[in-house]
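Structures follow.
In the two complexes below, chain A is the common chain; its partner is chain B in one and chain C in the other.
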Partner chain A sequence: MKRLAKTALLASGLALAAAFAAPAFAQDAINLPNLSYRTGPFAATGIPLMNGQRDYIAMLNARDGGVNGVTINYEECETGYNTEKGVECYEKTKAGAAVTQPWSTGITLQVLPKSNVDKIAVLAPGYGFSPMADGKTFKWAFNPPSSYWDGASMILQNISQGNLDSLKGKKIALLHLDHPYGKEPIPLLEALAAKHGFTFLPIPVGLKEMQNQSAQWLQIRREKPDFVLMWGWGAMNAGAITEAVKTKYPMNQFIGIWWSSLDGDLKLVGDAGKGYRAVSWSVPNSASKAMQDIKKHVVDAGKSMINQAEGEFDWVFYQRGVLISMMSVEAIKAAQAKFNVKVPNAEQVRWGLENLDINEAKLAELGMEGMIVPFKTSCADHTGHGGAWMLEWDGKQFVKASDLIKPDRAAIEPLEIEKAKEYATANAPWPLNDECK
Partner chain B sequence: MLYRTAGQFKTTYEADHALFPVRQDAILLGIILVVAWVVLPLTANEFAFKALLVPVLIYTLAALGLNILTGYAGQLSLGTGAFMGVGAYACYKIITIFPEVNLLVAIAMSGFFSAAVGVAFGVPSLRIKGFYLAIATLAAQFFLVWLFEKWAWLYNYSASGAIQVPTIEMFGVVVAGPNAKAITQYYFVLAVVTVVTMLAINITRGRIGRIWKSVRDMDIAAELVGINLMKAKLSAFFVSSYIVGIAGALFVFLWRGAAEPNLFDIPLSFRVLFIVIIGGLGSILGNYLGAMLIVALPVVLSYLPGALGIPVSSSMVEHLNTMVVGALIIFFLIVEPHGLARFWAVLREKLIIWPFPH
Partner chain C sequence: MDFLNSILIKPFADMFGAPDFLMQVLWEGLVSGVLYALIALGFVLIYKSSRIFNFAQGIMVVFAALTLVGLHEKGVPAWLALPLTLGVMYLLAMSIERVVLRPLVNQPDIILFMATIGITLFLIGFGEIIFGGENKVMITEQLGIPTGSWEFEPFGGFLSIEQRDVTAVVGAVLLVAALLLFLNKSKMGRAIRALGDDHQAALSVGISLSTIWVVVWFIAGVIALATGIVWGSRAGVSFALEVIAYKALPVLMLGGLESVLGAIVGGLAIGILEKLFEIYWGQPILGGNTETWFAFVLALIVLLFRPQGLFGERIIERV
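And now, the complex of A and B:
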């Protein structure tokens, strides 16, 4: 008992010392921290995304020995989607980080103001705050290749066959998580509803009601909207899709954002979910060269954490994770080439993110043809606005169901600039990046 | 030997009424204060400030507030998280409406808002007790979080529904917002916590504290000896919610930097309640010990596998952490059901005769 107590004391003393001492980092490797969440209520959606990111880096390290001969340290810090853990993880991983990925709109909001001070770029692919597209205001934040407002605009264009005025008199409901993330598209949808004369009906789902949405679907049955859009995450997606099947809401009028396209959620309903669509900037392609290399070097080598029995390898989310890691790696490559260094620092990687040019030729070179929308970032445009495709559930998997859709930038841009300005004044003094026009 | 009080004679009433009548206690407190005010700021890095020291202090303050209500006055409350939220939103509104107000003043003022809300939700305590009162405060919890979500004026109509802390200066030093240095924020929080702790010790050992304790132990007897129950209970709600409100304002302004409504939801209330129960009901020291166990220990533990060179994935560490902390809570409660403060008291008794047990 006494020895046990002594050992415990020694161990906690050691850990305390480790926590207090500044973390040391090897300078011959690039650190890519990721504030992951494999636990908590959103773990179902988090795990495949994190696996994809992890496996792409593992594949590069195994196949090419890293990026241009420099190994990449992919390091996860578990947040459980909890904003409190998020602060802790950000502080823990920021030293020596090439870029940081906050992975929740709540944590992004906390990290965003710090990024100006700590000079670390925040990569939030396809999530976070839509006005982050304005690179002049948000020098250190990136959300390629499409923002939530782009997503909302693209869904409306798809359901109206490109003519938003044809929606006049129709009723469009937004089933959303009652959380900063779910509220994101509301300002744009309200503005578009006023402009094009459709009725907009937001239906919030509280964090506590994610698994039991009978009240929300009762409202949908009563109101009979022509379309239901969904901004759902984690357990909410599965709840909504099973409720939709139960209430027999026509699946072809039910459209989700890219985070509502988890294969596992639709597998629960199988054929009954046929016709459900989700707008997505990525498409899975397991036959592509990059994916086959991951299979060879990581999955078959037994180094992956994916659930092979469930077929996670083919999932939209797993392959989207791969593409997200591709973005950070391409930014690092760009920085290496521009500044002629082996291990670019966070400021140089920021330049790389600002000059990402993911075009068809580049994708062919990477062995990822057709897996992600082509996009190009710039000093003033931190999103790239590459557009998206519609994915449709065919009963077994998601398949591409449309040509490339582009957001109506003319309608979104003024709102982006206005909200970015609002953010900057609310957080004054906020540094603007005067290098770009 | 270490805690021998033999030979310490009190010759005046003042000496007998001192905050720490035992000399060793005063010395120990002195050492702790020196460590907190001098040694830690010199040695800690930014991570230690942000992930260990500041959160422990803020949670201690919140637990102190709840302990006054539950531990001293015997009124069970499950609305702590929401009262912290009232403090945070009040401070946010004060700061955004009157940007020139000193942050310290704003925080002190925001405490009054949560105190008022606390008293309003404390009114049912005049009629109901125990679990029934807990349910009434639970209503406050649900109602207030709902209000934080729906009343857009509270978060200045921002699209995300979250509040963000702007850069705030005090006497030319940035104390809150992204540009604030971790050490400044630590000193700010430490100063507030030190002052409030001093006040709390004095209140709880004085006339008001004795009234609360008598109400807690047997309210009918207290009423028979002439204590006004209404005054006693509502004053406990007032003081408790005031401290909890200050803790909430510090929670967002000096630590988190941003907050969304569901941050103040029931898990936060439970977390503070756990700190109080594990630390020890009716003890000031217990809040500090409890906060260290519940808030700091998981952070420290997550370093353990790395420090020992055991390769475990970060999600596994998280799972292990939950298990270890849960097991520790049960272990401590079995070994000492009255909390860590009592544990220290027992230890102190033993130290009087140590190392000669006979």
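And now, the complex of A and C:
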């Protein structure tokens, strides 16, 4: 009986200690939720990205004890790239979140109106709704360093050698996932086709057709487009590249957006995919100090989930995931400095995201030289429009194949403002950020 | 007038104007049809013997293909990985019968259907833990499947036939022939058919329900493996393969849930017709991507006239 009483006393003591210790830990940590997708038809794309995000935070926690001495709690909530599950995950993780990362254009569109109410910034690097660049309308949304419309503009800049009028009379097809993400560049491409006199041909790929795109590639064979642009995700990329090889479509006329540059997809076709290009705002650099620190503190320590046998450490997507976490962390650092707090709240982190200045000197300080395009956000500009490079598949890996390309902002900006206004009107009353000039 | 022309005249003019392209469309449709038929066969076999609509057929395709590739990644040669995968599929069939189906004997159909959803969720989680979610390369060449292509110039045009697709078609035909032979000529096959016709009567003459269920789920596993090899060799092996199972649903509606012949004819018909419709009507008139709904509309039209499907048995109930 005495023993039982002692055990009960000990258990109660432990429970009390845990109850008091938990809030103390939560207060001294920054919560960084991620609406990730490691399962389902898009898992192949999601896994290396999430691994990169996770490992950068793990490295900072191991090497520096977090950010300025504050540990970061990186927490994934699995969405399977499903919009309904994504919204559930947002609701589940929003309490105490420094920033939210929806990881799908569909989820981003659903979360956008909620972020105004919950006052949590939405970070969607290189994805989401392109007009989110307009900070006056989208106070809580950020899509640095380049938007999809920037991406479409840069691809056209590249294939026309900077003179879009030279595309007159040419036919440009857009092979895209039939999903909000895949449809995102269509308004800009339609506008540019009308302005510069090229024929624009959208070719949708349904979810069930991702791995059997013979009908889409028969259309490409019949229409003979001069260029095929691809907005593919998950298994669609591998399906398209396999069909392109089968159809013998010239690889140097086939260009993807940055989410169509997964090493694992191209490894399926190997040498046959030589010459395939993708526009990308990031370039892998495994020898950089940041990556070597990840190797030392996370990978070699057995704390990483990467597939080392497949060489995932060197992949474009893994290292892009690292860069995406870097953006969140730099926003947190900026908020800590500005507001002189250890654990900034979501509103303060939003300020940090609005004042990101990722320049060459900052990248050198972070040990990430040349890995990402330099960019600077502001109250009015939530993208930064840093530009991108072309990556080319050499049969074994992606290599940098161009100098920095910049989007034609003069052509994009009016459309961004118009569509942002349309969005605000359709979702009235929509709060505008009047602090932005 | 232009609209009528685009529906009634232009598509046929295009077909006859470029016969080599039409041949390519028909070939691609045939290959897709064979693959749809294969998936549908897995559903039909299980439904025939147990009246269970097996929601897990799609994930079985993924699981079988991942097991094959996963074993090879662990250093097992392809010639050994193939029978080992078949062994795993047999173990899976046995486990499903023991753990899931046996305790649910005599339960309503909907309970058994829900149980197959449970099997699906389990296999997704289990498969992801064991194999991970990354896209893997199918061991096509190691299995001796040729990967080149034959090129022809019919009518002065161009026709490309992938050797891999020819192998898939031939393999599927052989598999179906073996299956029909097994179902119609072997004692076990007759027992499966008897069970499909009348559970009570079959049990009363001593047919073992457990044995039949294991055999049928194993055959569905073999079909899943064949499907996984063929689809996986086209665009890699990943959990995305699971969604192709949904392509079998209109095939089953069209052909009838309990007809092997229906699955084959339905698969081929949908494969060819959806490709023809997409290329000659869907893309020029509707902007494409009609393959996502065409087969369902076709099946719906058939159901209006034949609720049991083209080859399904007419359901007559005494009231």
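Just so it is clear, the second predicted complex is superposed on the first by the 412 of 437 C-alpha atoms of A that agree within 3 Å, B and C clash if a C-alpha of one lies under 4 Å from a C-alpha of the other, contacts with A are read in each partner's own complex, and residues count from 1 in each chain.
Keep this in mind: contacts are C-beta pairs under 8 Å (C-beta built on N, C-alpha and C of every residue); 3 or more make two chains touch, one makes a residue touch a chain.
All values derive from a computational prediction rather than experimental measurement.
Once the two complexes are laid over each other on the shared chain, residue contacts for A:117 go to chain B alone; chain C is not touched. When the two complexes are overlaid on their common chain A, residue A:367 makes contact with neither chain B nor chain C. In the superposition on chain A, A:211 contacts chain C only, with no contact to chain B. In the superposed model, A:419 lies in contact with chain B only, and not with chain C. Shared-chain residue A:246: touches chain C; no touch with chain B. Contacts of A:38 after superposition on the shared chain: both chain B and chain C are touched. In the superposition on chain A, contact of A:238 is made with chain C only, not with chain B. By the touch criterion defined above, A:219 reaches chain C but does not reach chain B. Once chain A of one complex is fitted onto chain A of the other, the partner contacts of A:275 are absent, as it touches neither chain B nor chain C.
Within chain A, the residues touched by chain B in the first complex and by chain C in the second are 38-39, 178, 207. On the chain A side of its complex with chain B, the touching residues are 11-12, 14-23, 36, 38-39, 75-78, 80, 83-84, 87-88, 91-92, 105-106, 109-110, 113-114, 116-117, 129, 178-180, 183-184, 186-187, 207, 305, 419, 422, 426-429. Interface of chain B with chain A (complex): residues 43-48, 50-52, 55, 96, 149, 156, 158-162, 164, 166-167, 177-179, 255-260, 262-263, 265, 299-301, 303-304, 306-308, 313-315, 317-319. Partner chain A is touched in their complex by these residues of chain C: 18, 21, 24-25, 28, 31-32, 35, 73, 124, 128, 132-135, 137, 149, 160, 162, 231, 234-236, 238-244, 246-247, 275, 278-279, 283, 287-289, 291-292.
Per the touch definition, chain A reaches chain C in the complex via residues 38-44, 46-48, 178, 202-212, 214-216, 218-219, 221-222, 234-235, 238-239, 242, 246-248, 264-265, 267-268, 307, 309-310.
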